[in-house]
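One chain, subunit A, appears in both complexes that follow, with subunit B as partner in the first and subunit C in the second.
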Partner chain A sequence: MKELENLYDRIIQRVNINLRELEFEVNPYAQNAIPLGQMIKFYAFFGISPHHPLSFQFKHSNLAGSYFLGHCNVINSLLYKSDIRGDELKKKGDLFQYQCFEIPVNRDEEINITDSLLIKTLVHNFSHDPETLEEFFIKDTISMNYANIHGSPSDGCFLGPFATADLTTIRDCVIRRFAYVQAGEVSHLDIAAGTVWVRNPGEFNFIYQHPVDELNDYIFISPTAPPQGLFIDFVEDRKEAFQRVFDVVNIEHSTSVPTSASLDRYAVVKPTTTIGENVLVSQRAYLQNSYLGKGANAQENCYIINSQLEGFNVTAHGAKIIEADLGTNVFVGFNSFLRGCPDGRLTIGKDSIIMPHTIIDVKESLTIPPGQLVWGMIKDDEDLANHSIPIEKFSGITSGISMGNMYFEGNGASFVTAFKDRIHHILEANGAFFNGSEKKGHAQKNQYISFNTLQPYPEGHKKGLYPTIVIKP
Partner chain B sequence: MNNIVKDSMVPISEYPTISEGATLMEAVFALENAKTNTICSNKSVETTDDTKMGNCKTSAFKGKEPVDNNPHWILLIVNSEGKVIGKLSQLNILTALETKNEGMKNIEQIRKFGFSSKYITRLREDAYLKNTSIDKIYADPEIMGMKVEDFMKEVADNDFIDENTSLATAAYQMASRKRLSMLVTREEEVVGVLRLSDVFTLVINNVKAQK
Partner chain C sequence: MKELENLYDRIIQRVNINLRELEFEVNPYAQNAIPLGQMIKFYAFFGISPHHPLSFQFKHSNLAGSYFLGHCNVINSLLYKSDIRGDELKKKGDLFQYQCFEIPVNRDEEINITDSLLIKTLVHNFSHDPETLEEFFIKDTISMNYANIHGSPSDGCFLGPFATADLTTIRDCVIRRFAYVQAGEVSHLDIAAGTVWVRNPGEFNFIYQHPVDELNDYIFISPTAPPQGLFIDFVEDRKEAFQRVFDVVNIEHSTSVPTSASLDRYAVVKPTTTIGENVLVSQRAYLQNSYLGKGANAQENCYIINSQLEGFNVTAHGAKIIEADLGTNVFVGFNSFLRGCPDGRLTIGKDSIIMPHTIIDVKESLTIPPGQLVWGMIKDDEDLANHSIPIEKFSGITSGISMGNMYFEGNGASFVTAFKDRIHHILEANGAFFNGSEKKGHAQKNQYISFNTLQPYPEGHKKGLYPTIVIKP
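So, the complex of A and B:
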């Protein structure tokens, strides 16, 4: 396993060099996150379908338990149980709209992961950087458990557990646990744990800071301890169910799936769950005793338990919905944690936007009226009053507002429009609006994916490394 | 401009200092006192008219000829071994006097995220009005009792300049490093302070002389 150890050391050193200005040492965090011994236990797998590009190159890397789709290259990297989803990459001839420019895409875009360590990380979407349209790069980067790198080229960065970089080029940044960044382009920033930052320069700037003491109960990490807290316990408690779907070669879900919907074979579905038309359930999603109405989706690492989603609901990567009833068109952002209880359900009215990385954790019933913008940490009605605002009222903001730890500057209508447009795009891309012949999306295209597995060297100094593999159509 | 740094520096013995461990209140008085004193030569003046003696009020220099009227704007902080460990300016004191409640801390933290100065100013005003009056802020015993080392600017490598450096180079270094003063060294020892006001005066005089 010497080669694997050398590779690990090489990645650590490269990331440390990039983050020296921030005086951030990644080694203690990464070392505690995943024993190298674990990295030889699991096979990697990739999807083939007539609807997706097929081009993979794996070289001098470990890919344990990771999934690949589309056009990806992985060199000198360690990927542990990560999902590299290249099904929304740009194609040659596409026109990329950036401000007042329409920039032609010269060749098919590819995801290039080099000299990086990704742990249980989701990589998805496409590069939104007009300077690097054909390459979605992730280099000299370490990401921890359940981080999301979504449309965000990354160079020399560390993402803590449950952190998200969304539609943002990040360079030499530390994005600490449960922080969310959607800001276009950032460099040399150390983003504190629990920061939620959404910025469109010249239009709006939203920031919220979770109270760190309370956040520590949900997710905590230190240089001497691996990630821990309620979030980790929650996923660990359901780990065994995933073990079964990964161990069995041919799996048949007992749930009935409409012909217009897609249920990934690497998802867990427990009784009694109903899947409506045009629903998308991605790999590593977990459904239990829930109803997903027409056009709803459950993306990677989502958990929907004892809940009702009326339809056209976006449950973004890593979001968890427990003992809750959601009206139509409710958007639940990345890694949000929404938990009611059997005697005190959580109800969210239609057309509400739950901001990314929101925590709603209630012991008594809580009702969010329709059309609300919700953020922060909410445990009762009083918290809700301080962490929500009617979307209509927010749209009327012309200069700024602050509520507790939330600060907003700019045009509220512009912020709301940006969110609504994006929600529409996600539903469209996922196939929520499929009419039987047109508007196909992932829910329809992902029905025809077959999977192949890859294995590393079982022994010797290359133990754990995968041989160089090139896969083309 | 053939002068070198040591010709224009204020000798360390004549520069106002305060010891590590002093409080903010003590620093305020020391800086106030330093500001009203000027650098004085040992040459006696032949007049009893105080107005011609500038501000030479300290006993050591009373009745001596003032070298200049540039007041001191900073204090040097020295440790128990007499070593200069920091500088304290009016700005540092104003920063130390800032309210440190949770709201203000949050506002400080969001500065780096691209909010406009106008928005930040408005937040600060709101936070001031919400929390306390200005009078109360400046009477807070916790703030007044803060130690100088908690709010001084620690000296860094680029705060030092050798005594034999030319003034032209010194002027360049002060401009490029954005320094209002630099510590002048003779080998490892700090022997004086070079002030921007003195360097500026010499530079301007040279410019005028070329006309």
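So, the complex of A and C:
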């Protein structure tokens, strides 16, 4: 495994150099994150379909347990159980609208991952950076368990566990655990754990800060141990169910799936689950005894357990919904953790927006009225009052508002419109509006994917490294 | 599947053009051989190991259920459940001895399969043609179920079911069902069904002709149906056992395997089977209630059932051994079918050579003394007397001999030496003589292989075609 070890050291060094100004040492975090021995155990897999671009290049890398779709290149990198979904990349000839510019896309966009270590990370969407339209790069970057790199080119960054970079070009940044950043372009920042930051320069700026003491119960990381906490335990407890899904070549889910919906063969579905029309269930999603109404979706690393989703529900990457009833059009952002309990269910009224990285964890029943904007850490009615606001009211904000740890400045209507447009786009991309012939999205296109598996050298000095692999149409 | 159909038609046309002088039309045979719908059902797989060269290029082809190892290129071809084993190819710098020539090998040899349709075919060994040392080509060729293309470059040929081309460059030839050719170089020949032909020009010439009426019970082919007969039934009856082996990602055989032996994860092993030291069991081999002594091997498509192999037994590709006891150093050639029955076992004395494509099918016990050369179709003691001769006696032949349908001319000693050298080489290559540190062969090297799977486009006009795939170290 000499070469694998060298590669690992090389990546750590490169990221450290990038982060030297922030005086952040990635070594202890990265070193505890994943034993190299694990990296030879799992096969990588990639999808082939007539509905997706096809271009993979893997070189001098380990891809253990990772999934690839679309147009991805991975060089000198270690990808552990990560999802690299290149199915929303821009195509040659597209016009990219940025402020007053309409920029033509010169060639098919590609995800280029170089000199990086990604652990259980989701990479999706496309580069929103007008400076780098054809390349969604991830360079000299380390991301920890369940980080999301969503439409966010990254150079020289460290993302802690459950951190999310969303539609943001990040350079030389540390985004600590469970922090969410959607800010266009940032560099040389150290984003504190549990920060939720949504900014559109000149329009609005939303910042929330999770109370760190409480957050530590959910996700904690120290330089001496791998990530710990309820989030990790929750996922580990359900790990075995995925084992079976990955151990067989072909799998027949027992749940019936409408012809307009798709249930990924690498998802776990436990009884009694109902999948409605136009529903998208991605790989590594976990459904148990739940109802997904028309146009709902469950993305990578989502867990939906004992819950009802009425329809057109976006459950973004990494979100968890347990013992809850969600009305139509409820949006649940990245890595949110929404948990009722059998005797005290969580009810979320229609058209509500649960901000990314929201934690709602209740022991007694809690009802969120329709049309609310919800954020933060909520454990009872009082918390809810302090961490939510009717969307309509929020739209009326013209200068700013502050509630507890949440600060907002700018135009509320602009913020709400941006969110609503985004939700509409996601539903559209996922195929929620498919009418039988038009408006196809992932739910329809993903029905026709065949999966291929790859494994590394099993022995010798290249042990753990994958050979050079090039796949073209 | 339009492109797949076009490819199929194109291959048939090219082979027909090559075989026009023989007035042989491949269409009816090829058309019944394999429904195109089957070709999208099975994954292809290839091995990666530190002990084998690694270079694959697959382009515009279907590879359904086929296996690849070593250095193989496949272009514009359909390979159905075939084994392309490039683990005995020549390496750059090797010296190839041919008569008085010592020819340096310029670059690593590669297997190049173009414009060909191979069905359940084994491709192995290396090009023995001094004119094409660096390329083991298979071009404009169709081979049917369980054909062997062994060290035999082929251009414009048709091989019927269970036909074998061995160490022979074949051009514009038809090798009909169950015919075996080992003749150096042949062209524009139509080899009759059940012919066994071993020739070394200037040294010896061995020809045997199976009685076609009897052969038809074992393998029969007509232009209106796929191959039929006992051979096909025998294999089909045991097909399900392989299903399980191919359906799981990782498999643990319950049989214990010595550290010096290797049991391929794509083999079937049923109780109670004992695997001795230095034993090699290849993918698609089937072992049931048998004993494989030290240095024995079971190659691709071998079936060894209720049998004892004392040790250093070569069971060549496609050979079947049922209810039999084989002494040490017994060699069983390609596609031979040796079947005793529970009340009448078949016993083969040590050091005997069972020629390729021999059928021994007995209802009462039959004993072959040690040191015999055996060929043909044997159903009782009388047949045995007419189809065997002590090797020592055969070595004494200086001009020729004829026995029933067998004609031999030339030097018997030269024939025997050639066979014995070959058997020694096979045992050596398979690792039968491994002493714990030296003389490693396939049995030792194959312990460290990781397998990758590939699938074709599942839908669209490319349905059934595999994408372009390039794999390098």
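Please note the rule applied: the second predicted complex is superposed on the first by the 473 of 473 C-alpha atoms of A that agree within 3 Å, B and C clash if a C-alpha of one lies under 4 Å from a C-alpha of the other, contacts with A are read in each partner's own complex, and residues count from 1 in each chain.
Heads up, the rule we're going with is that contacts are C-beta pairs under 8 Å (C-beta built on N, C-alpha and C of every residue); 3 or more make two chains touch, one makes a residue touch a chain.
Since the model is a prediction, treat every value here as computed from it, not as a measurement.
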Partner chain(s) touched by A:192 [first = subunit B, second = subunit C, both, neither]: first
Query: In the superposed arrangement, does A:460 touch subunit B (first), subunit C (second), both or neither?
result: second
Message: Quick check on the superposed pair: does A:28 touch subunit B, subunit C, both, or neither? Answer first, second, both or neither.
response: neither
- request: Answer with first, second, both or neither: which of subunit B and subunit C does A:436 touch in the superposed model?
  value: neither
Message: After the superposition on A, what does A:473 contact: first (subunit B), second (subunit C), both or neither?
response: second
Field: Partner chain in contact with A:209 - subunit B first, subunit C second, else both or neither
entry: first
Task: State whether A:93 touches subunit B only (first), subunit C only (second), both chains, or neither.
output: neither
Message: Under the stated touch criterion, which partner chain does A:37 make contact with: subunit B (first), subunit C (second), both, or neither?
response: neither
Task: Mind telling me which of the two, subunit B or subunit C, contacts the most residues of subunit A?
output: C
Task: Look at A:344 in the shared chain and tell me whether it touches subunit B only, subunit C only, both, or neither; answer first, second, both or neither.
output: neither
Common interface positions of subunit A, toward subunit B and toward subunit C: none
Statement: Residue positions on subunit A within touch of subunit B in the complex are 183, 189, 192, 197, 199, 201, 205, 207, 209, 399-400, 402, 405, 407, 409
Query: Which residues, counting only subunit C, touch subunit A once they are in their complex?
result: 43, 48-51, 54, 246-250, 448-463, 467-473
Touch list for subunit B against partner subunit A, complex: 106, 109-110, 112-116, 119, 122-123, 126
